[in-house]
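The letters A, B and C name the chains in turn, as written, and every chain counts its residues from 1.
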Amino acid sequence: MQYQNSMKVSFVSKSQNEAFARVAVAAFVSQLDPTLEEISDIKTAVSEAVTNAVIHGYENQEGIITVSCDISDNVVEITVVDEGVGIEDIEQAREPLYTSKPELERSGMGFTMMETFMDEVEVESEKDKGTIVRMRKKLRSLE
Amino acid sequence: MQYQNSMKVSFVSKSQNEAFARVAVAAFVSQLDPTLEEISDIKTAVSEAVTNAVIHGYENQEGIITVSCDISDNVVEITVVDEGVGIEDIEQAREPLYTSKPELERSGMGFTMMETFMDEVEVESEKDKGTIVRMRKKLRSLE
Amino acid sequence: LGEIKRFMRDDGMIKVSRSLKELGQKAKALKETLAKKNEREPTIQELADEMGIEVEELVMALEANSDVESLQSVIYE
């Protein structure tokens, strides 16, 4: 391990903080000078996870969302944590097109996008305790 | 009070995280649609406070720096916290041109810059406990 | 979804530092123009609109002019 760095940002679950979370992560990851494509992948994944925390986790009520970002050489690990309602059936939630809120015109593709744009996605959740989404991506442009 | 929002970001006291802290604060404050000049003032003040935490607070050892940003209507409050060596004589530290590290070619103008670019600057500190710098600025572009 | 991903961008291997630097230079020039035209400092939203980019991207671009590169040298020295 040659290079390590980490940050953590917490904010209120307002929808306007989604953009903030994206820039914070993008600004932090930019210190590795990735490609635009890599940054855009990461921003998309962060958006999806943070949107889920706002809409599903806290059901648009106020709550705190914490996004951490850990860099180890050219691997970026991003963790999005909420203390909201939690997910009862994680496997089902991760299925493409599954959404528990079809009335909101959600596409059910959030987890699928995270999986597409990142190398690994782990989800931990407990009903009424909250949800942790951990995503990892290796920046291949740096190899 | 009509509009409120807040965020908090923590990171390791590496000098490359100064730029990150600046962008994080600038991104958060941007939701108030400030002028570029106001953003640049705020970034300068954040830089000075974070640099002080890195160089003086932690004397370039690793430690955690926390920057919070609270928006109430058009007032931005930024707090920079370290748990480093602390300041024994705050009044002296705030004097223009005073520096405890002249050997590092510090200008001793950090606090003066913060005072110039922000409306208010409060400093709390305790030896061996750490330092809290709280700065406020009203964004006049919004009036 | 691989299709979507390819469709969503054509920027391939362009480095973030280069892109932000270019945007940052453009922002500086446009800022002057807008300030003259309106006889006041533009807000960040006005400038972003004029450039056709998101405010968040502009914030990063404003930081970028030299910093990303100097960070690189810090990290890999």
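Please note the rule applied: a contact is a pair of C-beta atoms (placed from the backbone, for glycine too) under 8 Å apart; a residue touches a chain by one contact, two chains touch by 3 or more.
Just so you know, these numbers come straight off a predicted model, no measurement behind them.
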**Prompt:** When you draw the chains as points and link the ones that touch, which shape shows up: line, ring, star, complete, or other?
**Reply:** complete
**Item:** Most widely separated chain from chain A, with each centre as the mean of CA atoms
**Value:** B
**Request:** Tell me which of A-C and B-C has more C-beta pairs in contact.
**Result:** A-C
**Whole-Å separation of chain centres (CA-atom averages), chain A against chain B** = 28
**Item:** Chain centre separation in whole Å, for chain C relative to chain B (CA means)
**Value:** 24
**Asked** What are the residue numbers in chain B that touch two or more other chains?
**Response** 16, 19, 23, 27
**Prompt:** Where does chain C touch two or more other chains at once, residue-wise?
**Reply:** 55-56, 59-60, 63, 71, 75
**Prompt:** Tell me, which parts of chain C touch chain B in their complex?
**Reply:** 31, 40-45, 47, 55-56, 59-60, 62-63, 67, 71, 74-75
**Item:** Complex interface listing, chain B residues touching chain A
**Value:** 5-12, 14, 16-17, 19-20, 23-24, 27-28, 31
**Request:** Could you please specify the touching residues of chain C with respect to chain A in the complex?
**Result:** 1-2, 5, 8-9, 11-17, 19-20, 54-56, 59-60, 63, 68, 71-72, 75
**Request:** Within their complex, state which residues of chain B touch chain C.
**Result:** 15-16, 19, 22-23, 26-27, 30, 33-37, 39-40, 43, 141
